[in-house]
Amino acid sequence: MSTIVIGLSLSFLLFLLAAGLTLIFGMLGVINFAHGALYMLGAYICYQIVQWTGSFWIGLALAPLVVAGLGAAMERLALKPVYDRDHVYQLLLTFGFILVIEEAVRLVWGLDYKQVPTPDLFSQPVALFGSQIPSYRLFIIVFGAVVSALLFLVIDKSRYGMVIRATSSDSDMAETLGINVSRVRTFVFALGSGLAALGGVVAAPLVPIELGMGFSVIIDCFVVVIIGGLGSIRGAIFAALLLGMARALGFTYAAEWVDLITFSLLIVTLLTRPAGLFSRKGRAA
Amino acid sequence: MTGGALRCEDIQVAFGGLKAVAGVSFAFEPNRLYGLIGPNGAGKTTLMNALSGHATLSGGKVFLDDRDITRLPIHARTRAGLGRSFQITKIFAGMTVLENLELGAFAHRHRVQPFWLPAGRFPRVREDAEKVLEQVGLASLAHMPAENLSHGDQRALEVGLTLLSDPRVLLLDEPLAGVGHDRLEQAIGLIRRVVAGRTVLLIEHNMDVVMQVSDAIVVMVQGQLLASGSPDQVKANPAVRSAYLGEDA
Amino acid sequence: MTALVLKDCDVFYGKAQALHGASIDVADGEVVSLIGRNGAGKSTLLKAAIGLNPLARGQRLVGGVDASAMKPYELGRLGIAFVPENRRIFPNLTVEENLTIATVMGRTGPWTLKRVHQLFPRLEERRLSGGDTLSGGEQQMLAIGRGLLTNPKVLLLDEPTEGLAPLIVESLIEAIRMINAEGVAILLVEQNLRVPLKLAQRQFVIDNGRMVWSGTTGELQANRERIESLISV
Amino acid sequence: AEPADFHIAGILAFSGAYGIIGKDMRQGVELAIADRGGKVLGKPIRVSWEDDETKPQPAVQKATRLLAGGAQMIFGAVGSASTLALQSLADQRKVPLLVTISADDKITRVNGSRYTFRTSNTLGMEIRMSLEFAKVRGLKKIYGVAADYQATRDGWTMFQTEAEKLGIAIVGIDFAPLGNRDFSVIVDKMAKSDADGIAVFVTGNDAVTFLKQSGQVGLGRTKVQFGPVLQDETLAAAVGPAAVGVYSGVRYHFSYDSPANKTFVAAYRAKYGEFPSSFAGEAYDGISWWLDVVEATKSWDRERWVDAFAASTRENSLEGRKTMRACDHQAAQVGLWGVVTEGQAPLPPLTMKITNVFEPANLFDTCS
Amino acid sequence: MTISSRLGQLIMAAVIAGMILVPLISRSEESLNLVSLILIWGLFAVGFDLIFGLAGMLSFGHAALFGAGGYALTLLMTKAGLGFMPALAGAGLAGAAFAFVLSILALRVSGLFFSLLTLALAQLAYILASTKLRAFTGGLDGLPGVPRPELFGLDFYDNRTFYYFLIVVFLVGLAVMALLRASPFGKALRAIQANAVRADQIGFNVQRLRQCAFMISGAYAGVAGALLASLMFYISPQMLHWTTSGDVLIMTLLGGKGTLLGPVLGVAVFELLKEELSQITQHWYGILGLIFILCTILLPSGIAGLFAGRRDKGDAR
């Protein structure tokens, strides 16, 4: 039982990490390699806010906003001029972002480890199913569920989502329908960046805060995004659950095989449903 | 050259719950031009996709000259003599019109693409391409990047690419759509000329043209054959009139 | 009052000039048609009207007001609707979403989802299918329906009958008459001359990016041979 | 002809997983050089610092370049993988390689590299310390977690064998992927087990992650957490309060009571305004020893330096007496063991307190 | 091809030739090392661009092919006792063979999914190499002591001699690639990138062509990986990590994809920048990032675009 609860917490953590990536990927067609760097930045800014105010919750509220603002600026200044070009050039661009963000973090906070303590409210474990479950994990489950539900409603179900998807596939046509495409794009990139930072903030009490932290999560994020089907929030939720549970079970019975399990799962998915679990096929001719 | 015989047996193509083609059997006899007509969404393109290998069949068989080609991949069908054009234009963007056509010629002339000589050293390929360029009326645009062509010119290139494989059975999906009023006569002329000695299946909504060029007409409605016969027979068929042509046709 | 005016417009693709000082005007409640051979610049002119092709020189007036510098989305909100030649359906939206997206900018009027469904019953049957699974003709219906749902003041139609079955063409012609009767100005590009001759009050002929003739439909019919010689090879 | 200066190729990690370590080591080395007036053999000492990004490939690449430019020796690297990679380059080019941090036992081995010397701890001796600690502490049942990495796996095997010989039961072991970010399932298994000791054979980021997450269920309240390189002041700062009470081997500590160390700590604090980390201390200690030996040879012949260093003993090292073993070029030395405690200013808020000092005889196999 | 773009090619070739020959003039060992690296990575990038720039297949699995070559050389020489040249050929074969295996799985999908699947497969190979296959790969610590050639009684442990050897291999590789790209085979690959459905329809065996290209590209990667291991005397699974695939992609994009010499130029600029910037400033990392960003915005078709009169024809949108 406790494995399931822990598995759920792993799942929703994974979802929070990957949500921003899948959003930007699916909605703008941009593979944002800088996602991990924005995640790291979120954690660092949260650390700074905790230093100033002593409150994790203010960090949780503000850090994503700050990073979203930065995302908006990045989109306006750098991404906007290259939308019309082959998508692969965006890889070079987002790769550049990583280096610049990392350099900035190094300049501001230096190389040494930072830490964000578990918020007091959730610092004690709770007894559940014969295990001591960290209450912060329970918080992650609830918070992750709320965020995923919100995103699902906004992106997959609402008019905004429709507008965003239309913009991503044919921006010129969308524009003739009265949609301010450049604003939509900025908004999506900002939202995606903010979500990346949100992931960083939520993970901050669990992991060391250091320069490499973003780099190490990016592959996990990709796995979730791929299994779920690019850009599908529903898919990302499902994939995160699948993966979280698989990892929890993996750690229980064969910890050293966990990474292999993860990638095998990914490969099996791609071979059976190449476009991810929640994908739809168009026509070829 | 003689056209091939194309036969389909109980072809079915389904997309989820939708039966786009629901059991079509028909034998296309060699050296005849068949007009395929029917309302929008009747399954004409899908039937053509089934014949050319672009759709996955949920049932049925396709024969070319009595050879079962149901499982043959697309390129192999082309090599076996089956050519087609697409309703939604598919050309090689980023290359000039001439390069587009040269590629068609390379694909046709070489089973294994030569990798030991520069592509410029194949004069016959160039000749083939230039001949078709002339035929479809794009000679003056030979060096224009294909994606910069106007819609109508792209449609012409689309047909040109199909001709290069010199198919015995030719499937044409609305080749005349988008072709300018002024060029229509010329295009009909082209069709008349190239169909000689081939078996042709032509989808077209311009009734004047279809009635004029077809030896026989096949009518599809809701995934099934509604009628077939000579143009006059079909024109007179009341079921066809109400489903497709309208009363004043 | 003129709904839409393009005056002395130059348009370039890279270095190549596609329009040379072309002018056209559509009055309120009028149907105007633009004809010319393949590659003459018809689509280019429509795209210039909706702002997708920037004007290197010249003016665009909407309802008498200068809109030369406006972006496509501003023109769209002003009530100009565009039905493009290659349909440009949003592949990742369902059929119904492809229609409702036209309503997000908030223009209301006589056109509703229901009415579009009446015009093209096929679209109702395929409501929940992905936009990119439709047949060519169905996509054409969808593109037209989408344009109508913006409840435009000016409707730009680029070869709207391409790929449509004869019966549907008839109902489309009826629909265009009806829309026009409701006061919408229409700029129509068609290859099939039958349609513009039926519908349009005035005709413009373009060749090589230049307007070479304009006049009423009656005048066109009177001078048909001369005009056909203008636009054929 | 004598070269114009004594050129050292300093290959350290200034970015990547161990990026934080490079800076401290550099400070230690620069203090050591300043202490001797910046000279050896009468020539100025010049160090070219290069960042290997904690990866072997750049390490080799940059060292190759510096050696091509005439460097007389290599100092570094940080990560064991980088160091192992540098070894074959050093042998190839016949230049000395001085290691003061990488702990993989393979680096110094009998009949190993003639040109490589290590003045700092080996992982093996730190694992022995863990064992000694388990014994002294009277632990009965141990649950372990180790990184899925050759050196830690070998270390664990040795630990398990020796522990079982001592009558300590091993009730569980999990090998977690290197760079693992979630230990919660493993922590849960540990919490449910009846172990009284938790042996943590991971280090760096993984150690921080483990302790943060085990802290959230209060694992340390009922069981003793310890490991060979589990904590120091830097890592404890990253863990936060949950680090208190965790035991770990300590490579070097500023509180160690020796005259040389007192002087060094004072000088270091005066220069950099902080306590020297174990990386700074080990680097200072190693390079000072090496330069003294080089000075004593009065020669520019690298072979002479190598021979001399292989036979040297340093009586007044920061950690007392250190002996360079000619058989494997590993410095035999005492082993420090400590626990994380809350520190009073000017000490860091979380600071190691040395609880045990183990004698070299218990930590090193004899070699011939 | 226009006259001006041909001139551009010439200038570009001259620039690269100049760069490669610098060590002859400067006699500095440092530039020797740098240029050796450029030659090896250049070979890798040239092979990579065959499928990326021409066929439009973005492989994120090239790290595995690169690593496979490196390990093949190392193991063939140290364990099987082969000579250097046979082992180098073996490395090329290993790269091609590994590409073949990858292609069986990855070519079932196309576009972005191809990239993702190759990424996943290569990461799997990386994880296996660094954990489960320690006995062969040395685990994360890698294997030091990768040998160099012993040919014609020359001392290839001398960096200069090895550099001459690299030049020969590089030029042969470049010439072969130039021919491949200009041949009908190369044209067919471009066609596949431009419109795979149409290419299939006119009779190209698209899957087969893709597979061939992938294997050729794999052979280049394998040889380059082997040479790098030999240059460094060292190999580790780090070579198989996805970041290696990322590096070669970045270099290719920087230089200009879809051109013969662009990728080489990209490699050279990338390595030079890294080398020079890191000597000038501690903040080279961030500056490099800024340069990438500016290059993307200002140079629509990479550095090679500066030399070409117009957009490379194969560089389709």
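Annotations for the structure displayed:
By written order: A, B, C, D and E. Residues from 1 in each chain.
Operating definition for what follows: a residue touches a chain if its C-beta (ideal position, glycine included) is under 8 Å from a C-beta of that chain, and two chains touch if they have at least 3 such contacts.
If you're wondering where the values come from, they're calculated on a predicted model, not measured in any experiment.
Between chain B and chain C, the least number of touching-chain steps is 1. Least step count on the touch graph, chain B to chain E: 1. Among the remaining chains, those touching chain D as well as chain E are A.
When each chain is reduced to the average of its Cα atoms, D sits farthest from chain C. The centroid of the Cα atoms in chain A and the matching centroid in chain D are 36 Å apart. Chain A and chain E have Cα centroids lying 31 Å from one another. With each centre defined as the average position of its C-alpha atoms, the distance from chain A to chain B rounds to 47 Å. Chain A and chain C have Cα centroids lying 42 Å from one another. Counting partners per residue, chain E has 127, 131, 197, 285, 315, 317 as the residues that reach two or more other chains. Each of the following residues of chain B touches two or more other chains: 45, 52, 54, 86-88, 90.
Taken residue by residue, chain C touches two or more other chains at 133, whereas all remaining positions touch fewer.
The residues of chain E lying in touch with chain D in their complex are 28-30, 32-34, 37, 127, 130-131, 134, 139-142, 144-145, 157, 159, 232-234, 236, 238-239, 278, 282, 285.
Against chain B, in their complex, chain C makes its touches with residues 13, 16, 35-40, 43, 85-86, 122, 126, 129, 133-138, 140-141, 159, 162-170, 191-193, 228, 231-233.
If you check the complex, the residues on chain D that touch chain E are 14-15, 50-51, 55-57, 60-61, 64-65, 68-69, 80-81, 84-85, 87-89, 92, 104, 106, 148-151, 177-178. Within the complex, the chain B residues that touch chain C are 15, 18, 37-42, 44-46, 87-89, 137, 141, 148-153, 156, 174, 177-184, 186, 205-207, 244-246, 248-249. Only residues 14-17, 19-20, 23, 148, 174-177, 179-182, 184-186, 188-189, 191-192, 205, 208-209, 212-213, 215-218, 234-235, 237-241 of chain D touch chain A when the two sit together in their complex.
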